[in-house]
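My structure is below; once you've seen it, I'll send some questions.
Labels run A, B, C and D following the written order; every chain starts at residue 1.
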Amino acid sequence: MELKDIHIKGIPTEDFKDNEYLENYIKELEANGVNVILSKVDELINWGRSNSVWPLIYATSCCGIEFMSAAAAHHDIARFGMEVTRNSPRQADLMIVAGTIVHKMAPLIKRVYDQMAEPKYVLAMGACAISGGPFVNSYHVIKGVDEIIPVDVYVPGCPPRPESLFYGLMQLQRKIKVEQFLGHKQR
Amino acid sequence: MSSVSKYFSGLFTGIKSLLTGMGETWKELWTKKVTQQYPENRETLEISERFRCELVMPHDENNEHACTACGICEMNCPNGTIKVTPMFIETADGKKKKILDTHIWDMGMCTYCNLCVITCPSDAIIFKNNFENAVFEKRKLIMQLNQEGSKLREKKKESKPTEPII
Amino acid sequence: MMEKIKKLILDTVAEAVIEEKQKLTVTVEPKKLHLLVQTLRDNKTHSFDYLVNLTGVDRGEELGVDYLLCSSADLSKEVVLKTGTSDRENPLLYSITDLFETAHFNEREVFALLGIRFINNPDMRKFFLNADWVGYPLRKDYDPNPELNPVSIESKDMVDIAPRILETSDGKLVEEFVNIFEDDDYIINIGPQHPSTHGVMHFRTSLDGEIVKKIDVHSGYIHRGIEKLSESLTYPQILHFTDRLDYLSANINRHALCMCVEKAIDIEVPERAQYIRVIMDELTRIDSHLLAWSAMTHDLGATTAFIYGMREREIILDIFDKTCGGRLIINQNVIGGVMFDIYADFQKDVKAFIPYMRKKLIEYDRFFSHNVIALGRTQGVGFMSKDEAISYAVTGPAGRASDWSCDIRKHIPYSLYNQVEFKEILRKEGDAYARYLNRLDEIEESLHIIEQLIDNIPQGDFCAKTKAIIKLPEGEYYERVEAAKGEFGVFIESRGDKFPYRLKFRSPSMALVSAMPLICQGEKIADLIGIGGSMDYVIPDIDR
Amino acid sequence: MILNYSQPLEISNLTSWFDQYLRSNLSEFWTLLIEFVLVGIFLLAAYAVIALILIYAERKITAFFQARLGPNRVGKWGLLQSVADMIKILLKEIIRINRSDRFLFFAAPFFMIVASMLTFGAIPFGKGLQAIDFNIGVLYVTAVSSLGIIGVLLAGWSSNNKYSMIGAMRSGAQFISYELSSGFALMTIVVLAGTMQFSQMIEGQRFCWNIFNGHISSIIAFVIYLISGHAETNRGPFDLPEAESELTAGYHTEYSGLQFGFYYLAEYLNMFIIASIATTVFLGGYLPIQIQGWDAFNGIMGYIPSYVWFFSKTGFLIFLSLWVRWSFPRLRIDQLLNLEWKYLLPINLVNLLLMVILVLTGLTLKNLFGIL
C-alpha cells in the first residue's frame, strides 16, 4: 500500500498536512510483511471502519459548542456518516475530547476511554485538549489530554471551526485506512 | 359535564398542536437545505478574511521579514505561546545588533486572542485564515515562523507588507 | 438615603467602619457580620435582600470575605460588607447561608480556594477541588509545585459525608459529619460526562422510582483556576479569559471587564465603539438564547428543533466571524473600544437577519411552544417563587420568569442602554415554560434594540488610545452587566500594579445551578433534564 | 368475482415453478427440506437487507426534515453508508462486563432478534410470499412480537447498570400498556373482516380496504394502532427506554459491538413489522388499488407486482412514523401512561363496540353500497 492509494473525497492526498507520519506508518507496517489477499480484506474492513466513525463527545467547554455547530444543519457531520453520536462509550469508536481537562476530570476521562470497545480513537479538539491552551499555567489543568490517553489526531484552534474539525476527521479516516486488522499490527 | 368537555377539548387541542408541528416539519422537508459541503466545496469555500487560524510572518520576494526580534509579542502573549529567540551579530560598522534567530509559535496552545498582532510595533506577524491544520503528532504543531535564511527588511521608505493589516 | 443606611448600620453594629469608596463599604468583625446582614436584609425601608457576590480575599495579613449586597427592588442600591480573620491556620468565619441560600455554594468555594471555613454552613465540603487537594490556591502563599498535587487517573468512590461546624446555643463550636443520602437511597450520577448536563455538571441524584428525591451538586470538573491565573497577567491579557467563562455570552462578559478597567482609569470610550459593543452584545444574547432554546428542546427529545435553532445561530456566527475573526470566542472588546471595526456589509447583514429571525420565531412558536407534549413537560414543572429566586440570586431570564425585575440594563444602565427602548420581559408563573418563553421574547427585544442602533452607528474611532501598560489605581472596582444567563459581575481589587491583586467574576450560572436541588425536588427524572435546559447554565462559568 | 390477473414479474411464478421442479425430481421430504432451508435463508437475508435500507432511509429522511443533507460521502449519495456501519459493527470488540449476569446479558439481544424474526415469518410480503399463513395470523403476530420486551427487560436487568435498569422498567410499563391498545385495534378489524388469517383478510379487501370499509371506526383503530405500534417500537416520541437526555443509551448502555448491533437492527425491524402489519390489516396488504367496475384501471394497477405494492404502502407508513418521530419532543413517563390509559384504551373500547354495531347493523361501506 502506498500513501497515494488512500483516497479521501474532495481533498487530494498531497494537500493534506503531515503526510510523512502516514508514510512512516506504512513503512513500519510493510516491514512486518502482509500477504496480498489479507491486505485486500483489510482494505474492505478499513473502508467500513473509516466511514463509520461514531463519535462520543467528551465536551467540557467551548469546543463542545463548535461540535454542536458541526452536527447542525449548516455543516452537517452526517455527511461523513458520523452523526450517530453514541452517548454510551461502549458503542462509540471515536472520542472527541473537546475542552479543558482538569485534575478532577482526569480519572473520569481515563475511565470512559477504558470503557470504549476496540478499535478506538481519540481526537483532541482545540487548544485546551491539545496542551492546556489558555490555561496551561493553571494549577488544576492538565497540559494536554495525551498525558492521560493516547491521541490520534490533534485539531488546533480555540475553538477550531467546524471545517477544521472535519479536516481532522478526514485525517483520522486516512489513519484508519492505513491500519491493518488481519495483519500483525493492532492497536 | 365540564370534566367531559375538558377531556375532549384537551384531546382535540392536543391533536391540533401536534398537527401544526408536523406541518412545520413538512414545510422544512421541502425547503432548500442550508448545508455547505466541505470538503467538496473546497475551491469555492470562503472563510472570512479576518478569521484567525494560523499565525504567519509575511516574507517578501527577497526572503525578508519585518521582525526586529523585540519580543513584544512574546511579552504580550497571555500563555507563552510565542518564543522569540534573538541573535546578536556585528554589523559592518562594528555595532552590535539584535536580529531574529527563531520565532517559534505553538499552534496547539495559541488562544488566537490577537494580542501579539495588534501590539507588534513593526507589523511583522499576521493571522491567516487557513484552517486545515490537523496533524497526527503534537510536536508538528510547533512552528517556526521565520523562514530559513531570511533576514530583516531594511527600513527604506514605507515598505509595509503588501497584505492588508487586519 | 445614604445617611439613613449609615445610621442603620451604626445602630446595629456601633463599631463598624464605614468608608465611601466606589460603593459604600462597611468593615465589621466576623461575629457581628451575621447580625448586620440580617438587619440589612430584614429592614423595611432599605431592604438589602439580594446577595450579589461573595468574594474571598487573601488580604495578606488576614483572610477576608467581601459581600456585595443590593436591594432586589432597586439593583443600583448597593453596599459592600467586609470581614476577615487573621488566623491563617484555622480561619473561621460565620456563615450567612441561613439568610441567603446563594451563599452556600459561594462559601464552599471560598473554603476550597482560600481555606476559610464557615460556622453554621450545613455542608462544608470543598466545592471545586477534590477533598484531598493540598493547599489553597487563591492564597498568596500557595505552593504551585505540581508534585504536591499530582495528576491521578485512579477512579475514587464518591463519599457522601459532609463535615460541618455548628455553633451551639452556649457559643461552643462542634464539628460533626452528616450523611447526605440515606443508606438505602437509589443514587444515580447525572454527569459529569452526560449528554444533557450542558457541560460537566455532576448531579448525584437519589431517586424514588422516577421521582427525584434529592440532588447533591458536585462541581469543579472544569475548574481552570482563572482567578488565580489572572493575578499574574496584565489587564489586556486577562480579557481572553472572560470569553471562555460563559462562552455563549463571550462578548458581554468581556464588555464587563473592559468597562470595569475603563471606569477605573477614566478612559472615554468612543461613541462608535459603544454602538458596536451594544450591537454585538445583543447579537451575542440572541446567539445564547437560541442555543439555550435548541439545547432545551434537545433535552426534551426534539432533535429537529435543536437543528433549527442551530441553523439560525449560524447566521450570527457568520456575522461575528466576518467582524472579528472568531465564531464563538470573538475577542472583540478591548480596553478603550473594540478590536476590529465593523466590516463593509455589517449593517446590511444584520438588517437582513432581523426579519429572518422574526419569521423563525413564529416558526418556533408553531413548532414547539404550543406542542401539547412540550406544554405537559414544562408547564408547572420546576417552580421557583420570587422569594426563592432572590434568595438563590437567580437572575436573568430565569429570575424574570419568577417575576423578579432584575435586568441590569434597566436598573443600572450602562453603555447605550439608557438611550434605547426595550421591554423587560417578566412572567409570573416561575416554571420551566415561563423561562422558556422569556428567552424567546428576549430574542425579540434584542432584535428591537439592534434595530434602533444599526442605522445610527456614528463615524469616528473604534478604539480610544490607551497607555501601553495599564495600571489600575489602588482600590476596589465592581462592574455589573446583564449577560445572557443573568447578572455577570467583575470585581477587581487593585494595589496599583499592572496586575490585579484579586479578580473575581460573579457568574450567573452558579446561582442557577444552586437552585436546581430546590426546584427539581419531587419532579421526575426526565424533568430534571428539562429543568436544567430551562435554567440554561454554562459550567465553565461556574467553575471558572 | 376476483380477477385472476397474470403478472409476469410476480415472484410467486418463480417459486411455484421451482416447487414443481423440485417435486418432479425429488421426494416430498427432500423437497420440503430444501424449501425450508431456502425460505430460512431468504428471510434472514431479507431481514438484514431491509434493516440496512431502513437505516439509510431514516438517516436521509431525518436529514431532510432537519434541513441537512445526511450521509452523502460513502458511495453515491451515501448509499453505502449502512454497509460501512455493518462492517464496522461486525468487527467491533464485544466487551465482557464484570459483575453482570453473564448468561442473561448475552441472551438478551437474541430474544430481541428472535422475536422480531418470528414475526417476520408470518408477514405476507407479496402474493405467495409468506412463509407461513396461520389461520390465527393476527393473534400469532401480536403474541410473538411482544416477546421482544423480554430482551429489553433482561438487558436492563443483567447489565447491572442503573440507567439500563430504569430504561428497562420504563420499557416494561410502556410495552404492556401499549400492547393492549394495539391488540384491541387489531381486534376491531378482526371483527370487521371476520377472520384472523392474513391471506383471507387481504383477499377480503380487494375492492375496499378495511380502513375504508369500517370508515369511522376503522380510521380510529388505524390511528390508534399506529400510535401504539410506534410506542411499542420504542421510537421517539416514545423512546423513553433509551431516552438519551437522561439515560445516556437506556437499556442497551452496556452493550457494544455486535450485541448492540442486534438492538440497533431490531429497532428498525420492529418499525418495519409494525408498518407491515398495519399495511396488511388496514391497507389491503399486497393488493393493488382496485376499483369495482374500472377494469382498464384495475388491469394497469394489477400489472404492478404485488410486492411493490406491499413495500410502497409499508414505506409510506414508515415515512409517517419518521415524520412523527422527528417532529415531537419526548413524552414523560406519566404522560405516556396517561395517553394510553386515559385516552387510547377507553376510546379503543368504545370503538370496538362501535365496530360490532357497525358490522351487526350492516353499516359498513361494503354493505352500504352493496359491493361484493
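Miscellaneous remarks
In this text, a contact is a pair of C-beta atoms (placed from the backbone, for glycine too) under 8 Å apart; a residue touches a chain by one contact, two chains touch by 3 or more.
As the structure is a prediction and not an experimental result, all values here were calculated from the model.
Separation of chain A from chain D in touch steps, taking the shortest path, is 1. The chain pair with the larger count of C-beta pairs in contact, out of A-C and C-D, is A-C.
Our note on geometry: chain A versus chain C, Cα centroid distance of 35 Å, whole angstroms.
A separation of 51 Å divides the Cα centre of chain C from that of chain D.
Distance from the chain B centre to the chain C centre is 29 Å, each centre being the mean of its Cα atoms.
Chain centres here are Cα means. That of chain A falls 22 Å from that of chain B.
For chain C, residues that reach two or more other chains under the stated contact definition are 194-195, 240, 304, 307-308, 311, 314, 329, 367-368, 371, 373. Among the residues of chain A, those touching two or more other chains are numbered 9, 72-74, 76, 79, 87, 134-135, 137, 158, 161. Chain B has residues 18, 21, 24-25, 28, 33-35, 37, 47, 51, 78, 111-112 in contact with two or more other chains.
On the chain C side of its complex with chain D, the touching residues are 186, 188, 190, 194-196, 207, 210, 297-305, 307-308, 311, 367-368, 371, 373-374, 376-377, 524-529.
Within the complex formed with chain C, the chain A residues making contact are 58-62, 64-66, 68-69, 71-74, 87, 99-100, 102-112, 134-135, 137-142, 147-148, 158-159, 161. Residues of chain B touching chain A in their complex: 33-40, 42, 45, 47, 51, 53, 78-80, 106-112, 131-138, 140-141. Residues of chain B touching chain C in their complex: 13-15, 17-18, 20-21, 23-25, 28, 34, 47-52, 76, 78, 111-115, 118, 127, 129, 166. Against chain B, the residues of chain C that register as touching in their complex are 233, 236-240, 304, 308, 311, 314, 318, 321-326, 329, 331, 334, 339-340, 343, 363, 366-368, 370-373, 375.
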